[in-house]
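Next come two complexes built around chain A: one with chain B, the other with chain C.
Here is the complex of A and B:
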């Protein structure tokens, strides 16, 4: 089984939820489909949705909510369902 | 008189205020976030103080932290720049209560002019034309329909607490109004915590023209107009002064109305009155007042020769205006191009990065307001404006040519910017003719680039 990593495509602040009071988009261990929103990245006052590029189980997040990311930083690890 | 000025801002405007402070004989102190320790403003200022973490809510918008820092560094005045807390009545009040001078008008004036419905009512009292609309916030549909008689369709439903293009809906007819009104009210309540909305006529082809003023509480003067019609998503991209749309009689009437409103409220400091100008009828309508220095203030400085930031510091300290209206004259033409760290080829996606190589344009009539330097790494937390390229020349045609020349000299490696957009804009036949309105740029961007005159082709032809 492959374990693809989800990386930050550009620098910014990572959010796991749409607003401070909202539930997280995805819990660790949850199954996601291609295109599901995993989190938001705020860059220069714009919020960009980070979407799953593969379907599978999101095993764990490597970064917390509101973490400052550089491009290429690993955000989460997936496990693809064969 | 004050001695120590705390500047609570970042980027090019922080540096702009440092320069004005130093020329005014003041000690300049930059209040900055943890992400901004290496900015040019911090390097050039006499002192710097960190006010909190990178996120603006914890630093540049954190009033208690700023007041504490101001006291700790023994500041006796605070300049808010633009954006952030520059139009916060609470901040202006907190600065004053802490015994310091706020470089801007009183909290009461900020609150009054910051509320669109109150600003509009104030303008009506001062005899300044406003866009035909509801005299007060509308409650239900019956209330709205009573106003429609004088406003007409299509109309805008605007949130009283909205701004920057947020909280606005368009209704084409009665049915649309019936559907949109409750939605607009609910949206305003959710977005701004204030459900009040009002109606106004929608002018389909409007120019955005604004008048720069200074007031000392008793008297006010204007510094002519700026035209800021070239906008994308209601954000200004390219500004000029004066406007090519006004004849001298209209200019006089417009600027005098701005002075009348400024004097009516006993305004102190620098302010800008924004108007919509209806190209088809030649009418102008006041829409709002910004009670701060604006991003595009340099074009006004270029055509009048007055340093607006130095003047606003003097005025906030209680000094009287140093000039009368007849001392202020308009000379030549100025253009400001906003250089944003955005990629025009990728729908203006933000492109933060590190400045690898930088060569500014120079020579006659060029002014650069920017915090960039080689090696500077731009943090991803803030606005994408990284430089303002301002040019002055004898007339509009010459200024556009000079703008093209300046853009050709400008070299920046490390990330994409909107400079390439400006290079194309200054060659566009419609821009050259001044045939622009607030919808022009978005329509122009939606057209295939092949239908525009490319800068490269123009160079090749020469």
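Here is the complex of A and C:
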């Protein structure tokens, strides 16, 4: 069973929800499909949706809401369902 | 030949050396934010040094070439890949017909310049092919690249040589903590003396709001302005002035909280006091700073700024003379 990591494609601030009052996009342990939004990264006056590139279970987040990321930082670890 | 944009990246736009001499009409220069890297990429390929290239901010695009063509990528460190195979930065390589060119995560710097032999064929607007997105002018339809765009490329001139690379002495140096040289003024007298001193003593970090228009900084102490009755035509905030022209590189501090360095797509004027101007020789550096990296401002004299400009011009001359 492979455990692909979701990395930050560019530097910015990571958000797990669409607004402070909104629920998180994905809970740890939740099953996600390709294209599901996992979070937002804010940079250069843009909020860019971070989407799952594989389907599977999102095991855990490595960073908290509102963490400043560098490109390549690991955001979350997935587990692909065989 | 043409190039199809599969994925545009974050903010990729067509830029050349810019349209100088229109700022008094409200049209900023635009052009590559790191001019030195743009010029280096063109010169390596044998292009005119001001040929139009793709400026890629923080994340590279994915492009498909319909014919083989030589290219070079200079500036920020994002490893180019041809059909997934790594290619060097700062060195001429060929993208074969029907191949895909993509880029890895940015490891250092903020902006990569992708030059293509011949240059990108978009119409000149007011003497330049540079994109000015706020004014919907130049580049491809006056905007950043989007998925599905097709870029036409001027005919290859045949001067590009595979493997030609930047000499080690001319490679860019990136950091996570930069020093930017500043000439105080034109409104530095509006700052309280202790605020003026603090501005140059503290580290500032680049905010998320950093783009081609301006770089917003945060993390330093709030700056206080000298008390005064607002003159006729000035706003009520202590950071307001009667509207004035904004130089490229000028630093304004709305309400004294977050300084903004104006860059090549800036508005030409407004009502905020400029407490200093980043010297022209350091503006390429600004364009390579990532959000959340640190900056220290260093006060210099006009003589020091002019000397720095001479050495910057000498460095460009070394690029023009490279083997």
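Here is the rule we go by: the second predicted complex is superposed on the first by the 82 of 82 C-alpha atoms of A that agree within 3 Å, B and C clash if a C-alpha of one lies under 4 Å from a C-alpha of the other, contacts with A are read in each partner's own complex, and residues count from 1 in each chain.
In this section, a contact is a pair of C-beta atoms (placed from the backbone, for glycine too) under 8 Å apart; a residue touches a chain by one contact, two chains touch by 3 or more.
Given the structure is predicted, the values throughout are model-derived calculations rather than measurements.
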Partner chain(s) touched by A:7 [first = chain B, second = chain C, both, neither]: second
Touched partner set for A:43, first chain B, second chain C, both or neither: both
Residues of chain A touched, compared between chain B and chain C (which is higher): C
Which superposed partner A:68 touches (first chain B, second chain C, both, neither): both
Intersection of the chain A residues that touch chain B with those that touch chain C: 10-13, 42-46, 68
Chain C partner contacts - residues on chain A that touch it in the complex: 7-13, 42-46, 48, 68, 70-72
Sites on chain B touched by chain A in the complex: 54-55, 341-342, 349-350, 352, 380-384
Residues of chain C defined as touching chain A within the complex: 10-11, 57-59, 105-107, 208-211, 290-292
Sites on chain A touched by chain B in the complex: 10-13, 42-46, 66, 68
